[in-house]
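Chain naming follows the written order as A, B, C, D and E, and within any one chain the residues start at number 1.
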Amino acid sequence: MSKGPALELRDIHKTFGDHEVLKGISLEARDGDVISILGSSGSGKSTFLRCINLLENPTRGEILFNGEALNLKPGECDLYASDMKQLTRMRQKIGFVFQSFNLWPHMTILQNVMEGPLHVLKRPKQEVLEYAEYLLNKVGIADKKHMYPNQLSGGQQRVAIARTLAMDPQVLLFDEPTSALDPELVGEVLGVMRGLADEGRTMLIVTHEMNFAREVSSEVVFLHQGLVEEKGTPDKVFGSPDSERCKAFISSVF
Amino acid sequence: MSKGPALELRDIHKTFGDHEVLKGISLEARDGDVISILGSSGSGKSTFLRCINLLENPTRGEILFNGEALNLKPGECDLYASDMKQLTRMRQKIGFVFQSFNLWPHMTILQNVMEGPLHVLKRPKQEVLEYAEYLLNKVGIADKKHMYPNQLSGGQQRVAIARTLAMDPQVLLFDEPTSALDPELVGEVLGVMRGLADEGRTMLIVTHEMNFAREVSSEVVFLHQGLVEEKGTPDKVFGSPDSERCKAFISSVF
Amino acid sequence: MELDFSVVIEYFPRLLIGTWTTIELVILSIVLGAIVALPVALARISKNPWISSLPFAFIFFFRGTPLLVQIFLVYYGASQFEAVRESFLWPVLREPFWCAIIAFTLNTSAYTAEIFRGAIQAIPEGEVEACKVMGMTKAQMYRRILLPRAFGIVLPAYGNEIILMLKASALASTITLLDLTGMARTIIARTYTPIEIFLAAGAIYLAISIVVIYIFRIIEKRQNRYLGSLSIKVPDKG
Amino acid sequence: ADSIKIATEGAWAPFNYIDDNGKPQGFDVDIAWALCEKMDVECQVVTQDWDGLIPGLKVRKFDAIIASMSITEERLKQVDFSDKYYSGGLRFLAPKGKSFDLENLDGKVIGAQRATLAAQYLEDNYTGKSTLKFYDTQDSVYLDLVSGRLDIVLSDELPTYDWLKTSGNGGKFEFKGDSFKKEDEIGIAVRKGDDLKDKFNAALAEILADGTYEKINAKYFPFSIY
Amino acid sequence: MLDLHGFGDQLLLGAAVTIQLALCSLVVGLILGLLGASAKLSNVRPLQWIANFYTTVIRGVPELLTVLIIYFGATTVLMSVASLFGYDEYIEIGPFAAGVTALGLTFGAYATEVFRGALQAIPKGQHEAAIALGMPAKRKFFRIILPQVWRVALPGIGNLFLVLLKDTALVSVVGLEDIMRKANVAVGNTKEPFLFYLVAAFMYLGLTIISMVVVSYLEKRASRGLTRG
C-alpha cells in the first residue's frame, strides 16, 4: 500500500511578480480526509489549490503524492516539473473541479465525460461508456447526455464532477465549485459532493459554504494572506477559533 | 396652460413576436407627479417606459402629451409615428435616462451635455455653455467636464442626467438608473434624483430601490405580467397592498 | 546563378519615380474611394430594399471579382465601344492613369463602404437611442453623433484598407502605367534581373506599408486613450 | 536531354498564338515541331508571357525559346542564339490618312510591346520627346491603337502585316514609312553554352534544305521571310 | 445568347484550374497559418521573430510581386539549396507550383493572425480542464483546442478564402491557364475585351457565391451545440 499520506504539501510558496501570495503553506491529506479551505477573497486559496497539480507553478516547496515526491526543477523564478511523465501520471490521479466548470463546448455531455478515460487512460470504449453513464446517473443528469454543455440550463457543474470522477482519481480538488451557480443549483451540487464525502473519497475543498464545510469536513484550514492562520476540526475552527481574524471571518458569514 | 395631464398613456399593448409583454396599461402623470413603477424582472417595466417616447413601438394604445395625442399609424404589426416632426418635438420635451447611461464616448462630458441644447434646440452657444456648467455643478461633476466618459471612474449616470436636464424636459423618464452602478455610487445618483423630485419635476421612475421609491413618489404602480396589478400612494402600496402578488414582491425585497 | 545587386543601385532612381506614381495612385483612389463610400454605406444601411439593393449589388460585384478583371474592364473593355470613344468621357478614359484611378476608386469604395457600415452598426444601440430620446432628426443624428463616432471605430480597418490598396496598386502596371511595379518590369526588360529588381521593389512597398501602419498606430493610440478599445471586424479585400 | 521544353509567347499572331482549343499555333510553333522531328527528340511547347521568357530560360523553366525573338547584343549577354530562322524589320503603324514625320514624333503617344526590339528602339530614340507606352502583349498594343489611345505603334513588320490583313482593321490603319532594322534576325534562344544550339542549327539547315521550311512559310506568307 | 466565339470550353477549363489553385493554396495556407500562430504564441523568441518577419513581409508586399518573385526566384533558391546537398538536377517550379506557393504564403500570413486571435479567444479554463485530467499537450491541442479554434476562426478564414479566390487571377501573369489567362487569350483572338472580361468577372462572382454558401454551411456545422436550442 501507499507509504505516506495521499497528498502532502510542504512549505508551498508562490510569488506573482513581486506580490507574494503564498508564504509557506503545509498540509497533509490522508486517505478519506475531507479538508475544507476557507479564507477571505485574495487570501490565496485558489492559488494554493492550483499549485497542487501544477496548474500554477509554486515558487518554493514540495509536493508529495502517496509519499512520492514530485520532481521539480527551478526555472527563472518558479519551480517546474522536471519529469513530465510523472506529472502527467500524478495529474491523472488528482481530479480538479473548477469554479467555472470548463466543460468543452464542442463535445456532448457524454463525450466530455468519456474523453479522459477513453483517450488519456485508453480504457476500452464499452467499459468507459458504461461507467460514464453510471456516473451521469449518479449526478442526476443522465437524461441529457447527448446535449451540448451550452444547451444545459443548469447542471454543468454536475457534469464537470462526473468528468473528473470518470478518471477514478484518488484525490479530488474543488475550487469554489458552487460559487458560479444560481442559488437553486447550489444545493444539488453540494448534495453530489456530500455523497462523495460519504463514500470516503479524499477531497480538498475551497468553499464559501460554511454550513456544508462544517458538516462534511474532517479538517478545516483557514488561510489569511498566504499563511495558515487556523487549522483543526470543524467544531474547533467554527466553534472556538484561536485566531481573532478567523473569528471575525466566521462571524461575518454566519 | 396645458389642457390635459403632462403625460397620459391609454391602454398600451406591446407584443414581441407572439409574446404579449404589455397587455393594456394606462397611466396618467400630472405636472409635479413622481410615479414609481415596480415589478419583478420581465414584468414589462422597461418596455412600457420605452413605449412612451416610441423607443419601442407599441402594438396598440394612445399616447398624449399635455393633452395632445401623438399621431400614430399602423405598420405591419406595431404603431408608428405618422408625424415625425411631432414625435421629434415631443421627444425633446420628454427626457429619458438609461440604465446604462449611453453617453457618447467620443465627446467630452461637457460636449455630451451641450450637444442637445446647442444642436437640437439650437440655443446660443454662450447660454448653453453656462447652463451646462450649472447643471454639471448641480450633479457634482463640474471639475471633470473636460474628461471623456470612459476616463470617469464613476459618475457617468450623473452626467447622463445632466445631459437630459440640459434639454429642459417637461417630463423625465428613468429606467433603473442605479442598477448598473457600484453600491457607493447609487447613493449619489439617488441624491441627485431626490433633488429633482424636490424641485417639483414630473418624473416616471422604474426602480428597484424601494426605500427611495417610497420616499419620493407621489404614486406607485406595480406591474405584473404586463398589467397594472396594484396602484396607489406609496403608503398604500408598500403598507397594505390589495394584491397578494404585490404583497409577496414587497416582502421579498424588504 | 548569382544575384547582382549593382543593378538595383543603378536603377534605384527610376524605381523611386515609379514609387511616386504608386503613391499618387493610392492617395487619390483612397480619398475618392472614401467620398464614394459614404453615401453607398448609408444607402446600404437603409431598411428600404429599394434603396439598399443597388449599393448591395455594387459592393457585391466589386468585392466578389478580382481587381485585375475590373481594371481590364475599365481600360480595355470600355474603350471597345465607339460610343464611349466618342463621348465626353473619353479624354478621361483614354488615360491609363485615370482608368486605374476609376477602377481602384470603385474597388476601394466597395470595401470602404462595408467598413463604414460595420462601424456605424457597431455603435452600441444605446448611444443611438440617446440621440433619439433627445429628439434629434435622422440627419442630425448621423451628422453630429454617428459619423464622428464611426470615425474612431473605423480607424484600424481603414488603415488596413490603405495598405491593401497600396498593394493592389501594383496592378496598374498591367495597363502601361509606370508605377513601382511597372517601372520594375520595364527595368527587367532591359537588365534581365527579375529577382534583384523585384526584391528591391518589394522592399520599397514594405517600407511604405510600415510607415502607414506606424502612422495609424499613432492615430489609434490617441483615439483609444479616451475611447477604450473599439475595434470591429475588418472586412477583407482582394 | 531526352525531352526538351520549348517556350513561346502565344500572343504574336501569326507567329505564335493560342487557338480556341487552348493550343499554341503559328509559324514559330510549326518550326519548333519540324525541328524536333528532325532532331528526333520529344518536345513540349509551353507558353510564357513575353517579358518572362529570357528570365524563365535562365532559371531552366524551359530549354529553348522559339518566339520570334530577335538576336540582339543585349540578349546575347544573357543567352545564346541559334542561326536565324527568319528575318524581320520594324515598321510604324498608324491610322490611315494621318501623316507623321517619323524622324520627329515629339508629343505623340507611341506604343510597343514591353521588352521587344521595338520597345528598345523607342526608348533609345524617342525617350523624353514622345510619350512611350509599353504593353504586356502585342494584342494589347493593337487594342489601344484601335481605341485611339495610341497615335502610332512601332512593331515588327510581319505580324503587323498579318494583323492588317486578318483583323478587319486593314481599312483603317496602314504602315507609315519603310521598314527599318532589316538586319533584324530572329533566332532560337538557348541557355549559354548549351549544346542544344548546335543541334538546332543542324536541324534548321535540314528543314531549309528539304523544303519543309518553305512549306511552313507558304502557310503564313505569300513571300519568303527567311 | 452569349456568343463566346468557341472560347466557352476554354473558360470552363480555366475555372477548373482556378479552383484547383485556390484549394491547394488553401491547404498550404492553413498549415502555414497554424504554424505561424503557434510560433507567435510560443515562448521561444526566435520562433516569434521568424513568424513576425514572415507576416510583416508577406503582408507588406503586393501579391503580384510575391507571385513574380516566387516564380522567378524560388527555382534558383531551391536549386542552390539542393546543390548544397549534392543534388544538381533541375527542380521544376511551374506556374501552378509557384502560384500555390505564393498564394499559400500570402494566405498563411493573414491566417496566422486569424488563428492567433482564435487561439487567444479560447478561455484558459479549457486548457486547464485538459491539463488537470493529465492530458498530454499534443492530444489537448488536437482534441480540445483545435476544434474550438476552428469554430472561432472560420468566419475570418472564410473571408480570407474569398480574397484568395480573387488573387488566383494574378497567377495568370506567370502563365497559369486559369480563368483570367483564358479570358486574355480570348480577347487577343476576338478583340472583344468587354465581353470576355465581363464573363470572367461573373465566373469569379459565381465561385465567390459558391464559396460563401460552403462557408456558411461550415459555420453552421461548427457552431453546433454552441448556441442554445
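By definition in this document, contacts are C-beta pairs under 8 Å (C-beta built on N, C-alpha and C of every residue); 3 or more make two chains touch, one makes a residue touch a chain.
If you're wondering where the values come from, they're calculated on a predicted model, not measured in any experiment.
J.: Trace the shortest sequence of touching chains from chain B to chain E and report its length in steps.
T.: Minimal hop count between chain B and chain E: 2.
J.: Which chains are joined by the largest number of contacting C-beta pairs?
T.: The chain pair sharing the largest number of C-beta contacts is C-E.
J.: Relative to chain E, which chain has the most distant C-alpha mean position?
T.: The chain farthest from chain E, judged by C-alpha centres, is B.
J.: How many angstrom lie between the centres of chain A and chain D, each centre taken as the mean Cα position?
T.: 81
J.: Where the CA atoms of chain A average out and where those of chain C average out, how many Å apart are those spots?
T.: 55
J.: What whole-Å value do you get for the distance between chain C and chain D if each is reduced to the mean of its CA atoms?
T.: Once rounded, the distance between the two centres reads 38 Å.
J.: Residues of chain C that contact two or more other chains, please.
T.: 1, 76, 79-80, 174, 194, in rising order.
J.: Send over the residues of chain A in touch with two or more other chains.
T.: none
J.: For chain E, which residues are shared contacts with two or more other chains?
T.: 72, 76, 173, 187, 191, 193
J.: Which pairs of chains touch each other?
T.: The set of touching chain pairs is A-E, B-C, C-D, C-E, D-E.
J.: Could you please specify the touching residues of chain C with respect to chain E in the complex?
T.: 1, 60-61, 63-70, 72-73, 76-81, 163, 166-171, 173-174, 181, 184, 194-195, 198-199, 201-202, 205-206, 209-210, 233, 235-238
J.: In their shared complex, at which residues does chain E touch chain D?
T.: Listed in rising order, the residues are 5-7, 9-10, 13, 71-72, 75-76, 90, 92-94, 173-175, 177, 182, 184-189, 191, 193.
J.: Report the residues of chain A in contact with chain E in the complex, numbered from low to high.
T.: 53, 55, 88-96, 98, 100-106, 108, 115-116, 119-120, 147-151, 160, 163-164, 167
J.: Spell out the part of chain E that touches chain A in their complex, as residue ranges.
T.: 123, 125-126, 128-129, 131-136, 139, 143-144, 147-148, 151, 224-229
J.: Over in the complex, which chain E residues touch chain C? Could you list them?
T.: Where chain E meets chain C, its residues are 56-57, 59-66, 68-69, 72-73, 76, 80, 110, 155, 159-160, 162-170, 172-173, 180, 183, 187, 191-194, 197-198, 200-202, 204-205, 208-209.
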